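Quick heads-up: structures coming right below.
What follows is chain A paired twice: with chain B in the first complex and chain C in the second.
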Partner chain A sequence: MSNYLGNYSLYIALIASVYLIFKSYLDANSENKYLDKNFVLITSIQTIMITVSFFSLVAAFVISDFSNETVFNNSHTLKPLFYKVSGTWGNHEGSLLLWLLVLSIFLFIFLLNSRSQDTKYKLLTILFQQIIISGFLVFILLTSNPFKTLYPIPSEGLGLNPILQDPALAIHPPILYLGYVGTSIIFSASLASMISGNIGDKWARHIKKWVLISWVFLTIGILLGSIWAYYELGWGGFWFWDPVENVSLMPWFCLTALLHTVIVLQKRNSFQEWTIILSITTFSLSMSGTFLVRSGILNSIHTFANDPSRGLYILSFLFILILMSILIFFFNQNKISNTVKENFILSKETAILVNNWFMMFFLSVVLVGTIYPIFLEVLNGSKISVGSPFYHNLLIPFLIPFLIFMSFGPSLKWIKDKLKKFNYNILIIFFVSLLISYVILTKTENSFLLSIPLIVLSIYLLLVTIKDFFVSKSSISQKISHFGFSLLITSILLNGLFSNEFNSNMKVGDERIFNEKVVKLKEVNVTDVDNYKSLKASFEVTNKNSSFALYPEVRIYQQPLTITSEADIKTTLFSDNFLVFNIIKDDGYYNVRYQYKPLMIWIWISTIFISLGGLLSVIRKNDQKY
Partner chain B sequence: MIKNIKFLGLLLTLIIIFIILLKGLNISKNYSNEKLKSKVDFSLNAKKLFSDEIINISDLFDKNSPSVLNIWASWCAPCREEHKFLMKLKNMNTNIIGINYKDSAKNAKNFLSLLGNPYSEVITDNDGTKSIEFGAIGVPETFIISGKTNEIIKKYIGPLTSEDLIEIKNLLKENV
Partner chain C sequence: MYGKKVKFRALFIFLILISLALIIFLLAKSLEENVVYFKSPTDIKNLNEIKNAQKIRVGGMVKKNSIIINNKEIFFVITDFKNELLVNFNGSVPNLFEEGKGVVAEGFLKDKSLLNADKILAKHDENYMPPEVSEAMKNN
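Now for the complex of A and B:
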């Protein structure tokens, strides 16, 4: 039943989409002053249909309806209800349906929220958004229909990938999608404004909300993915430069650049073309993310689906969209009225431009590292693997000028600023940060020359952003986000500098001495839990005068047969103690990895600060009347 | 003029990227890991599907030529897809051993009488443990096993394709 309901509502949504494309195209060419009421009606019908379709898939997962092929492949009756529901988007077909759902809901909200905008602009936004929606609808119906039926009906499902059974991961895709899909609205709206020629401060104010919303969701989405990797994958880090992590980071860099540029557009009516280019690029990167993840072209732990026909479709669709936007950009370029006469070196505009350059640099490094291996394999068949050394060596040195710029850029004035008289506050802060860095650096042995300016500058920036809370006149949301960012950089640097680990094979009763700590494996208990077998080890870590216990676990799932390691992590405000173990062979020995990671929790907290700033800005903008 | 050059340059770059990514899609990601090459435990006992008689699985393998081992179930849709390829293999006098994975005997027999039986013998695996002994992670899966050394020559995860079929034919010839 739910299979038919879900399937046919998708067809109705497709009909609605085709109707809206033609209708909006015709209306945009006629000089209608008002938006036809049918638009809101048909869009709401479409949204309802896609919602019905999505929830019939959720229902099929909840009642374990194995006549549905997607449910059969990804669910199991023994699975807890929460993971049955999250299983809906834990697979290729369901996750695309979720994409589609968010796409249509966002368009609907956009329509409700842009009453004051020009009619032609709204019509064109609907047109472009519906082109994207219909593209996804056809993609789902042709290559990844989540409502394929099975007969005879199997009695049991094949189970969800157990490493996906984690609360952070269950909500990570929807949040990330909200960010990705939000960029589609920015894309459609910027193309529409390009054609209707209304790029300016008013449009910037209107689109800034969408930029902020997408940016906040993208930030939180990346954070959740990172938390999942840290707690669940048990690799003992928060970022692995895995291609799939990278494809979520690339639109983030671009969106961060856009976030700053759109402020210039709003305040100074400048950088119009650059704003449009960034909007198009951000969305193209989000779509490429979908392509790279869903086509199986990347070798990564995340690529679950592996079907070239799907890849071909997304690739063609992506390039049609990019081609369309380039054509629109080049043929409407003359409509942009550049009002700005002069740019001064010492001004907020220039500072934001510098920020953009850095973002573009970071973006290019990650882009090259992610797709160059694919290119190389195609061009001469050689396989290379790009790992963290590449990214670290290219990114970290450039953090030094970036941190310097960030410490004074935000406090510059619009249009033209003067070199101020010598500021004693700044000097005091700089010396304090030198002092703190000296204390920190004497405690570590591996003091490379590079780490000295990095630590000094990150602490300096941290202190400056704290000072700004009391002194600067800029908005509170900016202060919080910038403070969060400097905290993030400081935590990452200190974490990297002071982390240490040992790796050893131990059997029950063994002790290892490491950095004045004694790590002892006391026992391993085997128990049967719901849908897996659990081996729980009990470790004792004794410091000079204190001791604590850690209980890492190995889970053996039967459906499908998978072994996962659950690290046990003891988190305090100052450091994380991370312990994970693995089965080697049946000879009683286990492979044990113990890691000491200072300030780990501050990486998460600071990212929450960053997104909190954005969130505050969204709320504040809603109050403003314009 | 400059605008046109910019436009054409961008277009050309896009087309090149498109072609490269398109080619990238076709590079096969065959995860059949050569390092996984391992031996089959010939001491396993199993029950036959048609006669309920318990046998040692080593009796099923041909000592002089490689055999194909296929894990299937009547409820598995991809198994139905690959069935025609198994029939082709059978017509070339290949010894195909079937493992019927978590299935009811009635459905399994119906499946075979409806579509044809490519297997020289089918053993049952009601709880899925036998398949795990072979290192399988799901259905369908196909193994090429040498009868002489009981080594797994190649493993195919998922339904067989026509390309796989050609490869299997060659493997069977090479390993006689």
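Now for the complex of A and C:
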């Protein structure tokens, strides 16, 4: 029943989409002053239909309706309810339906929030957004219909990969998608404004909210994925330069650049073309992210169901969209009016431009590292992967000038600033950060030359952003985000510098000595829990004057047969103690990894600060003062 | 001769070109150094020379009854059912590391018969085989 409901509502949504494309195209060419009431009506019908479709899939998952193929492949009656629901988007078909749902909801919200905008601009935004929506609808109906039925009806499902049964991962895709899909509105709106010629400060103020919303969701989405990888995959890091992670980071760089550029557009009515290019690029990167992840082209540590025909479809769709936007860009370029005659080197505009250059550089490094293996395989068939040293070698040295620029860029004035008299505060802050870094660096034997300027500068930037809370006139949201960013960089650097780990194979009763700590495996208890068998180990870590216990776990799931390791992490404000173990074969040995990770929690907290700043900026009504 | 504006623009374009060239140079150099090639045990047997400093990935199946564990290390044999390679590994293994299952080991070759691995990759899915492995096995 829910299968038919879900399926047919998708068809109705597709009809609505086709109608809206034609109608908005025709109306945009006429000189109507007002938006036809039908637009809001049909768009809301479409949104309701897609919502009905989505929730009928959720319902099928909740009641374990195995006549639905997607449910059969990804669910099981024994699964806890929370994971039955999250299983809806834990698979390819369901996650695309979620993409679609967010697409249509965003368009609906856009219509409600853009009353004061020009009619032609609104019509064109509807047109482009509906082109994207119809593309996804056709894609879902043709290649990945979540409502395919099975007969005879199986009595039990195949189950959801237990590694995905995790609260962080359950909400990670929806949040990330909100960020990805938010860029679609930016894309449609910037193409529409290009054609209707209303790019300017008013448009910038209106689109800035969407940029901020997408950026906040994307940031939190990446954070959740990273947290999940940290404690579930058991590698003890938060970023692995895995292609699947990289494809979420690339739109983030682009969106961060856009976020700053839009402010210039709003304040100075400048950088119009650059804003449009960034909007198009951001959306293309989000789309190709979906494409690369879902098509299985990327050789990633994460696995996803893959199917070449799906990849081909998304690739052609993406190609058409990009081609369309490039054509629109070139044919409408003359409509842009740049009122700014002269730009000065020492100004906030330049500082933001410098920020953009850095973002583009970081983006190209990650892009090359991610797609180079694909190209090389096509070219000469050799299979390669790009290791993390590639990213580190290229990104870390450039962090040094980046941190310097970021320490003074935000405090520059618009239009033209003067070199001020020598500021003693800055000197004092720099001296303090030198002292702190000296104390920190004497505690490590690490001889990596670049780490000295990096630590000094990141601490310097951290102190400057704290000082700005009291001195600077910038908005509070900017202060919080910049503070969060400098905290993030500092924590990552110190974390990288002071982390250490040891690996060993231990039997029950064994002890290992590591960095003046004694790690002892006391016992392993076997119990049966809901839908898995649990082996809980009890470790004792004894320091010079204290000791604590850690209880990592190995879970053996039957449906499907999978073994997962649950790390046990003892988190304090200063450091994480991370312990994970695994069984290799039944000979009494357990494979143990113990890691000491300082300041781990601050990496998460600082990312929350970064997004909090963005969130505040969305909520604040009058953002006149910036 | 030229106006101030033209000179400024020329300088600007020059700077952009220089930085572009620099970026491309850095990217290419870094790629060359940090690319990890994927090989099967047969590929390794056919190698002419062994570059000890070059990191590689070797994929195949973990041979049945080949895992030996001691206090520090794990030894196992990777096979593509044609040739075999002994791997010596000190580190943490993924959950799906098992005899008779697909595996990818990353590390440095000591000689043609021994790989000192520092990382073992296996995929999450029990039915999943790394594309490299299935291809390496198909070719044989």
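The rule we apply is simple: the second predicted complex is superposed on the first by the 617 of 626 C-alpha atoms of A that agree within 3 Å, B and C clash if a C-alpha of one lies under 4 Å from a C-alpha of the other, contacts with A are read in each partner's own complex, and residues count from 1 in each chain.
Please note the rule applied: a contact is a pair of C-beta atoms (placed from the backbone, for glycine too) under 8 Å apart; a residue touches a chain by one contact, two chains touch by 3 or more.
Just so it is clear, the structure is predicted and the values come from calculations on it, not from any experiment.
When the two complexes are overlaid on their common chain A, residue A:Ser364 makes contact with chain C while staying clear of chain B.
Once the two complexes are laid over each other on the shared chain, residue contacts for A:Gln333 go to chain B alone; chain C is not touched.
Counting the residues of chain A touched by each of chain B and chain C gives the higher count for C. Of the two partner chains placed by the overlay, neither chain B nor chain C lies in contact with A:Asn423.
Within the superposed three-chain model, A:Asn38 lies out of touch with both chain B and chain C [touch as defined at top]. Of the two partner chains, chain C is the only one that A:Val580 touches; chain B does not reach it. Once chain A of one complex is fitted onto chain A of the other, the partner contacts of A:Thr444 are absent, as it touches neither chain B nor chain C.
Look at A:Asn29: by the touch rule set out above, it reaches neither chain B nor chain C. According to the touch criterion, the shared surface of chain A, contacted by chain B in one complex and chain C in the other, consists of residues 296, 299, 560-561.
Against chain C, in their complex, chain A makes its touches with residues 161, 163, 234-235, 296, 299, 301-303, 361, 364-365, 368-369, 372, 382-387, 389-390, 393-394, 503-506, 510, 554, 560-565, 580, 582, 584-585, 587, 589, 591-593. Within the complex, the chain C residues that touch chain A are 23, 26-27, 30-31, 33-38, 55, 57, 67, 69-74, 90-99, 121, 123-126, 128, 130-132, 135.
Only residues 69, 150, 152-156, 158, 291, 295-297, 299, 306, 308, 311-312, 315, 319, 322-323, 326, 330, 333, 374-375, 377-379, 558, 560-561 of chain A touch chain B when the two sit together in their complex. On the chain B side of its complex with chain A, the touching residues are 3, 6-7, 10-11, 14, 18, 20-27, 29, 74-77, 102, 107, 128, 132, 137-138.
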